[in-house]
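One structure follows; several queries about it will come next.
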């Protein structure tokens, strides 16, 4: 029972805050609402018994990514959104597009009857041991390859942020 | 030019590895601070404990009255002239009939102000005074919040009859001798 | 062996030419082209002795996954065109003597490459190879026109290029369709023939029209001709000669070699339409030629008229018609090159080729007028000139198909006479104008050029068997087949 | 896998070069490394060596089958040529090591994209390729255009990544695996029902992949990014990145979802036709050479997608491979010339900068002409054979009208390619100073020209895969 | 769940909160007192005996002060900042094991609010969220100094979190668990982790200093340059929250250091004392708090010994020294573990 | 575990679809590059949630590992993206993408 209420509460928070992310005038409010959305998602993870991911989610998204965002907003001092010539036509079109996409998705996926496994005899899938085994077993190669990704992201970020000397 | 023996020669030598990791240095520093924990605190709890003050301590001024309670000051202005900080101002007035009890001379200071923020407590006013009217005492000028409160008028400077202030504490023998000399006018009794 | 030698000779001479200093480019190019001419004559000899000689065929495995092989062969029909090409090329190069050419190296390289490509088109017996050479022939001439052409050449040459490319792309589609119907997935011409015949009528119709579009644009036949007069006028003289003298024949050759035997059902169904188009083309072009004020444009339109007749003759699908077409192709090539050289000489000496600005050249330069006269007569198919044989045979063939068409087509001879003679009259006869007063006498090379042309005109006119014999057998074979 | 290790190692070596200061010999080392990678790939292709060094767990993620190895060979060749062509670009660059490392990492991403057998690797490969590209697009840090290109590329690219991921998630939801072979087994089994979720997932995957391959109508970023980025980077994007993207696109169906192109052929046709027309028609109005080439590349994607649509055709994959190879080599040549010319006119890549190029440097003009003719599909250049194959396949499947559309579109294409050619040959240039190029550049130009001419005339590349 | 257990948990939560708050309150007092002691002074001694009631007075003063929100500030966020700081500071206490089991009525109760299996990750997560309070507070003040303070705080915390995480990973590799309860349990059986992870401990210690914005890493609130940094504009209890949060963080990080590296509530020879369970637990809790107080003292000790870093030095230390060191530590740990598990043989 | 009993998988799918659409809407609706970027993060996040839900209902760890990789990539992307944003801001003093119009012909 309580999980259902929790589910609805978290869902409401997630969607409401996601909407506020889009419609807040001030970028920092967008960022803060996004953080709340992330927390709601993390709550969902907990509900889905993926504690490890929930913690990592908080650490990575709320703890690192959004801090960077807010850091940048602060550094660029984007207090008030400056969108003077945003034509309402584009706004309407964008809203329409988004709504249509949402409608299509919802309509298409409304009736999905996914055959879920009925027995949850193996509740440990969200646990770190299990995840670790899969990650370092089956997914060894992508794990190694992702280091290349990080290296390139790092080199790239450093390169872009360096001041050029003429 | 060497002024003291405590100066240390500074050299820009390359630090050794051990110095560069700083940990031993930090440890040394920590030990130094820790060692201070075991030293006796030299604090004096002021209102309760007081430090002894020097006999020559020059504190807040006082305008003395004579034994009969009349103000000694005749508003000659010598103190103001002598004051290097120009902290003293006064207004002189002629003694009115019936005020003989109040003022010793025929002329008196109707207003006498010392700006305590300017005063440097040098004591020259005291020395200049021919009437033995102004003295520096061992009292401390209390702090206040307003600037104007530091301009002391006669209300604060002239001693109250019921709280006579003993100025003899700071008076050296030489001075006492000198002031006892009756050939000076101010020591004459009227 | 011969095909590949013929193909590579111009390329080799182009390479040699590139390696040598530009001052002797002309001579090298000349030498190379004459060498080619000898080679082709030698081939002709072989063909006469033994038409089935293995040396006349070249076959090499090439893009096997595409079903295409490097295969060339030479038969009588091909031979006529090879001969034409290799005779004309020395002449065209000769026409540059005494002319200042900007960047001669590139110019002659382009020409020699063009020659190679043209020979490839004529000799190819593989669909893809044919297509490649077909397109390849376009590139050098495009650059010749673009780089050495006259005012406004960017637009005009581009139009020309797009037109021909459009046509050839449709031909490519037709080739692919044919290829897909071959049994053993091959582009070999015989397989394609077989495939074409095996197709349904509707498919044949598509293939037919796609092929025809490509050839019609190249020839050109009304209503695909609009690129031609502008391009002829605009191109440098040698470019025009190449275009009209040889390239044009690619279209007519294509009809004979690729279209007619490929989709017989469609040919018989649509030949009427095509012949009507051709006849319209003849009359229309002739009429327009009459009102032309510019001599070069006039030749261009006359060329359309001639080609129209050739096209009609071919589609009559009679031995006479095809024979006539071959002879006329040869003759037209020679004549039109001669005419364009005439035009070039006039242009150089008088500074203009507007007919009304000229006049009385005969009084200034009689020999030139004489050469011009003979070439002109050849062009209007006077008996004893080479064209006469061709036109006669063509009309004969068309007549067998339909007398009315022959009658209307025959108008071309009369109309041709009208515009040619009129222009000759107003340019050569009458009073000299300020432009023609200083008409210089002919240079040695020019005389040589004209004499060769005139000799060929006369010889072929008097003894047409020379040409007729080469292809007679093959034409018969084709008709019977 | 060997190539991945070699190139990733090279990348790390490059970063170390910055620290240990051996930047001088860096370029030769990298070129040598790439050559080694190429040789290894070719040896693998011939099946002689190296094929059994990695166990099944590696192969569960990456599958170096013939398809993958062939594309690895192609990608390595492109990369090698690119490095050679842009040798000068790196000589006077202060951030040489950074740039090179990014490029090398991007190459690793490309390898992953052509050899994935699990969607994780597809996703990672795309990202490893994209992230260096986002950075390199903005590598001209003081140029507003470069910045803009970078930002647009980045935003659009991440958006597409989001869509791709959602598509993968939905696909997973309806099939239950990320492994392409399992997906193939499940989706091709008899009792597989196409749920709406599956369909939506596929459509999202398609959209994202067509974005990465810059096919219309997901092409908006391409012209801006191509024209804003430094020319060297643009040439990398137009060749290497596009090749990887198209290969990944094809591999998706080749390995995982063989029935999808048929089932969703309408979507493909829309993509193809839109690419052909949008690419070609908008290119007509361009006056910036890089932008023009960008639009032309969009139209080329239209052609490539024909082979993706009909990949089940016995010649489908071959045709695509050849097309991509021909297109890449041609584009490399074209961009090389554009870059040299652009440098001469202070980074201005307008078509007018090409005016009278033939007088200033015939070799450059010649190479560009050949390249453009090849792109226009004029025989016997490789571009012709490439397009020919595509038309052939389309006809094979009875898409007659598609062929007609393709032909009309490529005729339009001829128009703008010739705009540059005409400018080169007849335009009056503002300066008549001859453009000097180094001997290496000359040799490279010649090699590229020969490749463009020779690739089609020789069936090797076509039959390689 | 048993209702008694729920009741117990509620009591424990309240107790932990209370203890945390009390410790934090008296930490302020301790700070001043320790400072005085180390500087040969007396420190606060007027309020109550030895000034022990000083925190009360301070708190009272804080409450009585005027609430002031700058006109240009973002009102909501200005209030949200200190609240967040306080919230995240308080959230960390739930996973720390404060002592052994208490047996009441035959039922064993753990002296730990919850022993979730990802305890360390939870801690890292909460700590990483902790920076928001400072950032939001600093930004919403609309003051240059506050903003710079907030920027410094965020970059500093993010930078040092990495090294801290890496140091912890070595520890996790060694212990093989993320649960703090288990880590403490393991140290009961063997040596304290400091013996195995001296370098990791050092890194963790330094990072803990940086994460709590304590001297010598108190760049975000440097009085001399930033007039108090992110809380320049704050007054009254909102300022109190910020200060309080800092002390709570200090307390919790001391507790963490003790738990992770110094055996938690264990002490040598505890089982040979012959005490019964509950007594032992009490003693253990006492020992644990002793350890914690030592580290709190250590914090203060360091504060009054070492001078503050310059900003670039701070970053250099974090990125160029600590992270490589942590990676080295990780590497060494990996190799040693590999040898121990026979991976290389 | 009956923790998710009573909540059908469809609910999660719908939730994720809606979140995804809101993200996409934001990308189209907003002009500020930073906010667009945030909305993209929102989209990635909805994907993560969807995968986790699937993983729970399929009892399959693979999806969670995939989420792990998505998070990793998102982090890398953010670092590069913000660097690019800063770069743009340094030159234009704005993050409004409409101000970036140098690349129109």
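By written order: A, B, C, D, E and F. Residues from 1 in each chain.
FYI, a residue touches a chain if its C-beta (ideal position, glycine included) is under 8 Å from a C-beta of that chain, and two chains touch if they have at least 3 such contacts.
Small disclaimer: the values here were computed from a predicted structure and weren't measured.
*Asks:* Applying the touch definition from the top, give me the chains sitting in contact with each of chain D and chain F.
*Replies:* A
*Asks:* Moving step by step between touching chains, how few steps can get you from chain B to chain C?
*Replies:* Counted as steps through touching chains, the separation is 4.
*Asks:* Which chain has its C-alpha centre farthest away from the C-alpha centre of chain D?
*Replies:* Chain B.
*Asks:* Which chain wins if you rank chains by how close their C-alpha centre is to the centre of all protein C-alpha atoms?
*Replies:* Looking at where each chain's C-alpha mean falls, the closest to the middle is D.
*Asks:* Let me check something: if the centre of a chain is the mean of its CA atoms, which chain is farthest from chain F?
*Replies:* So the farthest one, by centre of C-alpha atoms, is B.
*Asks:* Which chain pair is joined by more contacting C-beta pairs, A-E or A-D?
*Replies:* By the number of C-beta pairs in contact, the winner is A-D.
*Asks:* Where the centres are mean C-alpha positions, what is the separation of chain C from chain D, in Å?
*Replies:* 43
*Asks:* Between chain A and chain F, what is the gap in Å from one C-alpha centre to the other?
*Replies:* Computed from C-alpha means, the inter-chain centre distance equals 5 Å.
*Asks:* With chain centres defined as C-alpha means, what is the inter-centre distance between chain B and chain D in Å?
*Replies:* 91
*Asks:* Let me have the rounded angstrom distance from the C-alpha centre of chain C over to the C-alpha centre of chain F, please.
*Replies:* Each chain's C-alpha centroid was found; their separation is 66 Å.
*Asks:* Hey, what residues on chain F touch two or more of the other chains?
*Replies:* Each of 13, 20, 23-24, 37, 54, 58, 60, 62, 65, 69, 73, 76-77, 80, 83-85, 87 in chain F touches at least two other chains.
*Asks:* Counting only residues that touch at least two other chains, what does the list for chain E look like?
*Replies:* Within chain E, no residue touches at least two other chains.
*Asks:* Please output the residue numbers of chain A that touch at least 2 other chains, ranges allowed.
*Replies:* Within chain A, residues 52, 56, 64, 68, 73, 75, 105, 109, 111-112, 114, 138-139, 142, 146, 149, 152-153, 156-157, 160 contact more than one other chain.
*Asks:* Every touching chain pair, please?
*Replies:* Listed in label order, the chain pairs in contact are A-D, A-E, A-F, B-E, C-D, D-F.
*Asks:* Within their complex, state which residues of chain A touch chain D.
*Replies:* Checking each residue of chain A against chain D gives 104-105, 108-109, 111-112, 114, 137-142, 145-146, 148-149, 151-153, 155-160, 162, 164-165.
*Asks:* In their complex, what parts of chain D are in touch with chain C?
*Replies:* Result: residues 315, 318, 358, 373, 378-380, 384-385, 388-389, 391-392, 395-396, 403-404, 407, 410-411, 414-415, 418, 421-422, 425-426, 457, 459, 462-463 of chain D touch chain C.
*Asks:* Any idea which chain E residues touch chain B in the complex?
*Replies:* My answer: residues 36-42, 301-302, 304-306.
*Asks:* Enumerate the contact residues on chain D facing chain A in the complex.
*Replies:* 4, 8, 11-12, 15, 57-58, 60-62, 94-95, 98-99, 101-102, 105-106, 108-109, 112, 118, 120-121, 124-125, 127-128, 131-132, 134-135, 138-139, 141-142, 170, 173-174, 195-197, 199-200
*Asks:* Applying the document's contact rule, which stretches of chain D touch chain F when the two form their complex?
*Replies:* 119-120, 123-124, 127, 131, 134-135, 138, 141-142, 144-145, 147-152, 154-155, 158-159, 161-163, 165-166, 168-170, 172-173, 176-178, 197, 223-224, 227-228, 285-288, 291
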